[in-house]
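Look for subunit A in each of the two complexes below; its partner is subunit B in the first and subunit C in the second.
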Partner chain A sequence: MTAITLYIFSLKMQAPNVNSHQKAAVAKGVKDEEEGLDTAEGEEWMQGKTLVKPPDQLDLTEAELNEEITRVLKASNPNAPQNVVRYSFKEGCYKPIVFVDQMAIHFELEGNLVHKESDEGRRLMAKQAEVDDGGGVERPDNVAIKAAKREQKLTNQFNFNERASQTLNNTPRDISCQTEPPPRANFSATANQWEIYDFYVEELQRREKSKEKHEGQFLNKEEDKSKKKMIQNDDISQLAKVVKIIERMVNQNIFDDVAQDFMYFEDASDEFRGEKGTLLPLWTFQYDKAKSLSVTALCWNHKYNDLFAVGLGSHEFTQQGGGMLLFYTLKNPSYPEFIFNTASGVMCLDIHEHLSYLVAVGLYDGCVAVYNLKKKTDQPIYNSRASSGKHTSAVMQVKWQKDDLDSNHNFISVSADGRLVSWTLVKHELVFTEIIKLPVIDTIPDDLKDVIPTVGTSLDFHKQKDYSFLVGTEHGKIHKGSKYYSSKFLEKYDAHFMNVTRVKWNPFHPDVFISCGWDWMVKIWDQTMKSPVFTFELKTSVTDVAWAPYSSTVFAAVTTDGKVHVFDLNINKYEALCQQKVVSKKTKLFNIEFNPVHPIIIVGDDRGHVTSLKLSPNLRKKPKVGDALILCIVIEHLNILTLDENVLEPH
Partner chain B sequence: GADDTEEKTQTIDPKHIFPPQHTDMPEEMRVETMELCVTACEKFATNNESAAKMIKESMDKKFGSSWHVVIGEGFGFEITHEVKNLLYMFFGGGLAVCVWKCS
Partner chain C sequence: MTAEVEETIKRIQSQKGVQGIIIVNAEGIPIKSTLDNSSTVQYAGNVHQLLMKARGMVRDIDPQNDLTFLRVRSKKNEIMIAPGVKTI
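Up next, the complex of A and B:
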C-alpha cells in the first residue's frame, strides 16, 4: 500500500521592508490584498462604525500605523533544522549538509486496498476463486440450498453474538507411590558329587517307606472319613447351642404376650371380686408324640425354677403302652428340653432336691429308673429291671431321700404291691432295701392276706422330720409310719371311702397334712387327731392336691371335671376362692403342682397336655403373721368350735 | 568314587527320579520348572551353558524377569532370592541345578 501524503507548502514570511512603497508594485497585489484587507477592513470598520478598540490592542501612532509590513509565503518547513552538520568519515571532519529535508508529515492513514496485479492481489483473487468453485460444485444440484446456506451464514452483529468462555481446568497434581518390593530370602548350598549321592540315597529310603505306608493308607482314609463325620457332628452340635438360643428367642417372640402376662400381669379386677380370685391361663405345653398318653406325674425342678418334669403314661389298666419322661422349660413352650422314652408308662417321678439332674422315675411295670440329665444318653443310668426286689406291680410314688451314711443317693418307692422299698444308688447298681409292707385290711380273709396286697397310692415324707412319712392306700386309709419302725405303722387314719390319690404334709405346720381321694373329698388333718380338721367336698373325684409354697393356708386341688379349686383357709374356711375350669370338656386333670418361686401352677391332663396358670393376687395373699402360726390359729379356732371326742394324745 | 555311586543309583533306581533338594515354589510352578530343567539338561547333556541359557530364557518368559540359573557338578553358592521363587534340584545322579529369581 502506498501512502498518500498531503504535501503542504508552508508559507514563509519575509522580513518587513521599510521601503514598502518601492516594492509595493511587486507585492502590491499581495500586500494590497493583505493591507487592503486590513485597511479595507480597517477602513470599513472605521467607515461603517465608530472605531472600536479591543482592550489589548497596541496603541500605535499614525506613523506607526501607516507602516507597511511585508509578509512572504515560502515552501519551506520552519521546523526543519537549517544547519545540520554531519561527520564525514572520508574527510574526517564535520561537514554541513546543504539539502535538509523540508517535509513535515501532518497526517498518516494506512489503507487496505491491494493492487490487482500485485502478488498479494493475485493470491487473494485465487482464494476468492476457490470459494466460488466450492460453491459451484453444488450449484447444479441445488441452488436453493446454497442460497439458504448463504442466508444462514449471514449473521449480523445484532442477532448473533459469538461468546467464548474457558471452563475451570482442574489443577494437575503429581502423585507418586512405591510398592513394597517382593520379599527376598537368602539361600546357600554346595553342589558336590557326594552331596548329590547322599541326597539320592535318602530319597530312595523315603520312597521305600512311603510304599509301605501306601498299604496302610487305606485304613487311614477310613479314619479320616470318620473323623470328618465327627467334625461335622461337632459342627452341628456347636450350632446346637446357637440354635437353642434362637429357638428360645423365637418362642419368646411368639408367646410375647403370655410372657408379659406371666411376669407383670396382675388381675386388677380382684379388688372388686372380694375374696375370689382367678387363674390366668399362660402357656400350654404339649408334645406330638405324647398325644395318646396322659400326664401321670409333675415335678418342678428346685434349682432351675423354670424347668419341670412331666411323666406320661396311662392310668387305665387296659391301655398300657410306652411311656415318656419330658422336661419342659417355661422359656421354650413349644418343645420339650429333654425327652426320654420308657418301656412302660411312667407313673411317678421325683427330682432330687439338691442334685437337680437326678430324676427318679417309677414305671407301671414296677421298675424304677434313675435318669441323669447331664448325660447325653436317653437311657437311665440306673434301672431296676433286672435286679431282684423290683416291685411286682406299678410304682405309685417315688421320693428322694437324703444321702445315707455312705453318701449314696437313695430314694423310696411305694407301689401297688403294697411294699415300701428303699433304693440306693451304689456305683452301677440299684440296691433295694425293703422298709415296710403295707398292712392288709381286715376285710380280707387271713389266708389270702399274703396274696392280695394293699395298694399304696401315695407317699409323702415330712419336711422337717424326714423319718416320718404318710402312705395313702387304695382302700382309703392313710398310714403314718417311721423309717425306724419297719414292722408296723404308727398311726392309721380312715380318710376316704375310696382310693386316696394324694397325701401331702403341710410345708409349714409340722402336724398338718392334706389328703384327697376319689370320694370327692379333700380333707385336712392334724396328725394328732383322728378326724379331719377340714373337709371339703368337690363335685367330682379329686385327683391331686398341693400345698402352696408361700402360705400355710393355701392349697389347690384338681378334679376329673377339669376344674382347679384354690382354697385359702385364712380367708374362707368353707369355700374355694377359685373354682375354674381350665381345660376343654371331657378332659380330666390328674396333676397339679405349685412353682416354688413364681406364682404359677401347672396342671396335667389326660391328653398329655400341661397347662400353666397364673394365680391372681387374691389367691396368693401372703399372711402377715408367721406362716405356720396362721394355720395353728385357724385350727385352734376350729377346735374351739367343734369339740371332738376322738382327740388322741399328741406325740 | 563317582563311578561307583553312579552305578549304585543306576541299579537301585532308574535315573528318572528328580527330587528337589530345596524349594519354596508353589506346586504348579515347581512342577513346571522341574520339567523344564530336565528337558533342558537332557537336550544339552554336554553343554551346561546352553542348558542354563534355555532354562533362563524360558523362565523369564513364563514367570517374569530376572531369573538366574546355575548348572554344574561342583560348586557352592550363597544367593538372595525372591521368596517362593527358588528351586534347587539334582539331575541324573551328577548334576545340580539351581534356579532363582531376583531382580
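Up next, the complex of A and C:
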C-alpha cells in the first residue's frame, strides 16, 4: 500500500515587528484565499471598517514603518533540531551531526489500494470473482478456480509453515524411597579450664604412647591386650584406688582419737615426773590369718614414713609352719596393705634404703627371697630356692648393701649355718658370693669343727664405713669383720653368756655399738675397747634393742616379759627412763623399731600383733650439742670416773 | 582386681559405725548399694550434684589439682564421698 503524504512548504515569518497595515493586508489576502467561496458581502464588510489597533501593538515611528523588510522562503524545517550531537564510538566523544534531517511530516494516511498484478491483488480478485459467482451457474469455472486456489498454497506473507503432532504422554508416576534416618545422639558438654587441661594431658599421654610404640614394636600385642581388658573391665575394678581412700577415711573416723593423740598429744605430766617418761599406746595392728604366728621382724620404710613391714614366723624350733610378710600403714590400722604368704616362717627382713619397693626376706628354711612391692604378684621376684648357694639353716638377718660396680642390687645374709653370704640380683636370678664363715669356738673338738657351725644371730653394717660389720653369735660372741677380709675377723668381743639377739651400730657415733642377749644384759661397746662401756641388766631375756634416730644417747629394749625399756644415757646412765609393760600377760615381745620421723615405736609380739606406742616428751629429748659428741662426752665422763665399775666381763 | 575391690568393700561394710555403701557410676546412677532402694536413689542423686560442684570448684581454682575426697558431717551422721578416677 502506498502512502500518500502531502508536503507543504511553510512560510516562516521573520520580522516580529510587522506593520499593522501590512499585516492587515496579508490577513485579508489569506482570508480571501481561504474563504474564496464567501460572498462579496464579506469583502465589503472588511472594507467598510477602519483600522483598529490592538492595544498591545508596538508603537513604531513612520520611518520604521516604512522600512523594507525582505522575507525569504526556505526549504528547511523550522522545527528540526539544529545542534544534534551523536556519540562517536570511533573517537570516543560526542560529535555534532552536520546533516540533520529537515523533513517535516504534516500528514500521513495509510492507504488500502493493492496493485492488480501483485500476489495479493490476484488473490483478492479471485476471491471477488468467487463471491460474484455465488449462484453456482458456472460450475466448471468454479471448480477451475477452486483448483487454482488449491494449487496455490495458502501461505502467509512470511511463507511460514507449522506442523505439529502430539506424542503419547507417559503417565507420570511418583517413586519415593525412605531411608533410615542417620543415628542421632544428643551431645552436650561444658568447656572449662580444667576440661581443656585434661584433654591436653591425655593428648600428651597418647603421643608418648605412640612414641613408645614406634620404639618398641613388640609391645603392640601387650597394648592390644590391655585395651581389651579395659573394655571388658567391670566398672567396679576401677574403683580400687577410691575404695582404698574410703577405707582409710572410715578408719580415720573410727580411730579418730588415736590419730589425734598420735599427732598432738604430749603428756603434760612429764614435767612432774622428773626424768621418767611414758609410752602411750596408739594403734594395734593385727591380721586374723596371722594369729598363730609370731612377729619375727619389723622394718620401717624410709620413703613412706607411715609404712612398715612385719615378718611373721615362729621362733620355736618345733612349731614351724608357713610364714607371712605383711605391710601395714598407720593410715589403715585394720587391714594390711600388702600380704605375702611364704612357704616357711620369715625370720628377718630388710627394706632397701633407696628403692623402697624392694624387700629382702630371710626364711626359716634357709631361703632368701626378694619381693617387689610394685608388682601385683604374690610371688617373690627372686628366690634362692633353686640356686645352690642357699643356706642350710635359718637365715637370721639380711641387710641391703649399696649397689655394686655393675649397679646390681645386693644384700648380705647371715644364717644359722655360720656363713655370711652376699646375694646379687643379676637379671632374673640371685647370684651368691660367700663372704666369710663364722669361726668355730674352741670348745668344739677339731674333727667336728666343719660339721657344727657357729650360729650367727645378728648382723649390722656400719652407717658410714659400710664395709665394716658386726656379727653376733649364739655363743655370745660378737665378731667385727670387714668385707674386704674374707679369711678372718678383725675383732672378737666376748659379749654375753648366751645368745646375742641383736647388735646395732650407733647411728651417730662411729665407734659405739650396742648388743643384747638372752643373758638379761644390754651392753654398749666402744669398738676400740674389749670391754663394754655400759651394761644394763634387765630382769628377763632381752630380745631386741634399737637406737633412736633422733639422739645418739637414747635407745630402747624389749624383753620377754612384755616390757619396753627406754634409756637415755645423757640423762640417766644407770637406769631406764621408762619401763612399761605394753602387752597383756604372757605375751613376749620380740621386736622393736623406732620410726625414722615420728616419735613412735612399734613392737612385735609372739601373738602376731604389732603395737605402736608414742614416746612421751621426756624420752624424746634432743641433745643441744652435736649428737655424736654427746655420747662421746658421756663415755669420756664415765671413763674418767672408773674403768671397771660397771663392767661385767663374761668369761 | 575385682575380687580385691569386693573384699575391701566388704571390710568397710563390716566396720563399726558404717551404715552403708553406695557405688555410683559416672552418670550418677547407683551400681551397687547396701542400703534400700529409695535411700540409695536419694543419696545418689544429691551426692552426685554436690560432687560435681565440689570437683568443679577445686579444678577451677587450679586445673592441675583434683578432688580427693569430700566429707559431709551433720548432726546425726557423716557422709564420706570419694570420686573415682577418669580412665581414657
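By definition in this document, the second predicted complex is superposed on the first by the 407 of 651 C-alpha atoms of A that agree within 3 Å, B and C clash if a C-alpha of one lies under 4 Å from a C-alpha of the other, contacts with A are read in each partner's own complex, and residues count from 1 in each chain.
In this text, a residue touches a chain if its C-beta (ideal position, glycine included) is under 8 Å from a C-beta of that chain, and two chains touch if they have at least 3 such contacts.
Source: prediction; values computed, not measured.
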- Examine A:P183 and indicate which partner it touches, taking first as subunit B and second as subunit C; both and neither are also allowed. first
- Task: In the overlay, answer first, second, both or neither for which of subunit B and subunit C A:N169 touches.
- Result: neither
- Task: Answer with first, second, both or neither: which of subunit B and subunit C does A:Q193 touch in the superposed model?
- Result: both
- Query: Looking at the overlay, does A:Q57 come into contact with subunit B only (first), subunit C only (second), both, or neither?
  - Reply: neither
- Just subunit B (first), just subunit C (second), both, or neither: which does A:L204 touch? first
- Task: See if subunit A has more residues touched by subunit B or by subunit C, and give me that chain.
- Result: C
- Message: Taking the superposition on A as described, I'd like to know which of subunit B and subunit C A:S487 touches: first, second, both or neither.
- Response: neither
- Message: Taking the stated contact definition, name every residue in subunit A that is touched by subunit B in one complex and by subunit C in the other, in rising order.
- Response: 192-194, 196-197
- In the complex, go through subunit B and note every residue touching subunit A. 2, 5, 8-9, 12-13, 17, 19, 21-22, 24, 72-83, 86, 88, 90, 93-96, 98, 100, 102
- Message: Help me check something: in the complex, which residues belonging to subunit A touch subunit B?
- Response: 182-197, 199-200, 203-204, 207
- Can you list the subunit A residues touching subunit C in their complex? 192-194, 196-198, 202, 205-206, 230, 233-247, 249-251, 253-254, 334-335
- Residues of subunit C that touch subunit A when the two form their complex: 1-2, 4-6, 8-9, 11-12, 15-18, 21, 23, 25, 31-32, 56, 59-60, 63-64, 68-69, 71, 78, 80, 82-88
